[in-house]
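The chains carry the letters A, B, C, D, E and F, assigned in the order they are written, with residues numbered from 1 in each.
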């Protein structure tokens, strides 16, 4: 089946991203496809390239990126939720006159419409929050 | 009296920073001093220079910075809580091999000891979480 | 009222306490803008979003009522409220804005099953 | 047991659900490292931090027990648990690690008033 | 004597814990979500802590609860009153 | 038929809301904080939803609740069982 995941919890403050990631790997090992992961609400922090957890803890950004590289899972981040929370791409940084950015490929800043489209396209949308 | 504030909620996801800021201004207008604000837990996101809320919403980073500039309030951010959540100064970015940073003066990354010292120094420590 | 292709957005969080309410309403508005029929169900503290006397928050904290007022412009005119939730919060329907549809608690499972798509905020 | 210059750290959140527990314990450890006497009071879900059989979390999620074990090395040996909280969670003291001191619920206000400094996590 | 600041609804675990910690001479300030206590004048803490329990006015107004609090004759404070409470009570504990 | 995923404790408002939304043929998966329901076999949802209610094993283990769940003879699932439930139920709703 085609699955989509909606992740709305921040790493370290909420177990939702960890649960989502474990679930994603279980999906793949059961032979399912993951069309995309949509990061919304505090979940946008999963995409932060500045995240630097202690070495004995999982870097969730890296773990999501790996899911993209090895299994082609699309990683979409809600732009409105991200900007408000300080998660910004290079082009958005330019537009807002900021000197730095903290989100880059394979994560993509996109509109909420992408979430609704994902929900239409997949057989199952599972929320982790 | 000397006050210290401990802020542990993220902007927009939690009303704590808004409450803390209103309280801070009330303190000042009642003639009290604010020795420092310590940002811990999700409160570290208050310091993010990449935060870009919609124009009709308050930019909390700017509001805190103003409190520093106009009233000399020290703004300390717990370094361990910050790094884990993707909030990083230029020197920390170098150390972690990151290309960007999202916290700068008047916010300072510091250890938890600073919170305990603040608690010792002030007459009142008020927590917003 | 319910149609199988409609999206049900469930709102369970109050204004100002978090961003769940705001971001839930945003999802409803965007879905409606994309032409999807959208219904809203308010449960628990989410009912507070419908309080007719609510103001804006602390300086810089947006009020919710203007967004609620926008729903109609986007053809979102079904706002369900479970009666039990109202009662358990000691609220009367008079405290809420107009245009709300009260339903019995027992109808909630049926509502969920009638919608193919659900987003829970 | 309580001394007026000691710091009371109140722990109310369970492992894995959030980072409150971890960051609360960190504050206790740092205070102790600075030479402050530190006492811990576990309330509500915070008691779960003391479950003796707890493991690590999902891959990459640290276990709490090693941190709890470190407390003693930092001379933090007062771990209070309110009996009522244990009962209301249907837990028996046997499920908890050793070295915990049970107190009656009515003693909690007294504990708080005996400490000049309190941090609540 | 402690000032307890509650930021969560009266049916939250934070509220339960605060209630357990409440000493005889302590005071309570209800802020943020906790102002929904205005809807429930039978909440046990109203009695337990009278006359040293207050609702923060600004948070009532933003949630549309100001007139209900007034009808129920519940004591409210402005931000300056909050400051005054923290002057009066040497310790504050926030329950969230 | 809906699969309800609960991530908060049985005394949370999320749990109350889930209970209100629970249809006759729906299933429930208890994850994260919700696995503390293992401590309370008298929780009304255990009866209401039997035999279609499960605890996520990994979350029980990390919280030290696995043996209590076993003593109380409560049904547990591995992550693959969670996947199987989502295959079986066309819709899932997460309560958090």
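Keep in mind that, in the parts below, contacts are C-beta pairs under 8 Å (C-beta built on N, C-alpha and C of every residue); 3 or more make two chains touch, one makes a residue touch a chain.
These numbers were taken from a predicted model, which means no experiment stands behind them.
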Chains in simultaneous contact with subunit A and subunit C: B, F
Copies subunit A and subunit B touch via same or different residues, half shared test: same
Computed distance of Cα centres, subunit F from subunit D, in Å: 27
Rounded Å distance between subunit E and subunit F, as computed from the means of their C-alpha atoms: 34
Mean-CA-position distance for subunit E and subunit A (Å): 39
Where subunit D touches two or more other chains at once, by residue number: 16-17, 19, 45, 57-58, 61, 120
Junction residues of subunit A - those touching two or more other chains: 12-13, 15, 19, 22, 41, 57, 80, 84, 125, 127
Where subunit F touches two or more other chains, by residue: 9, 13, 32, 58, 93-94, 96
Subunit D partner contacts - residues on subunit F that touch it in the complex: 9, 32-33, 36, 39-40, 58-59, 61-68
Contacting residues of subunit C [partner subunit F, same complex]: 10, 12, 43-45, 82, 84-85, 105, 108-110, 112-113, 116, 118, 120
Parts of subunit C lying in touch with subunit A, wherever the complex brings them together: 7, 19-20, 23, 26-27, 30-31, 34, 36, 117, 119-120
Residue numbers on subunit E that touch subunit D, as the complex places them: 1-2, 13-14, 16-17, 20-24, 26, 91, 93-96
Contact set on subunit A toward subunit F in their complex: 1, 3, 8-9, 15-16, 19, 22-23, 26-27, 29-30, 32, 124-129
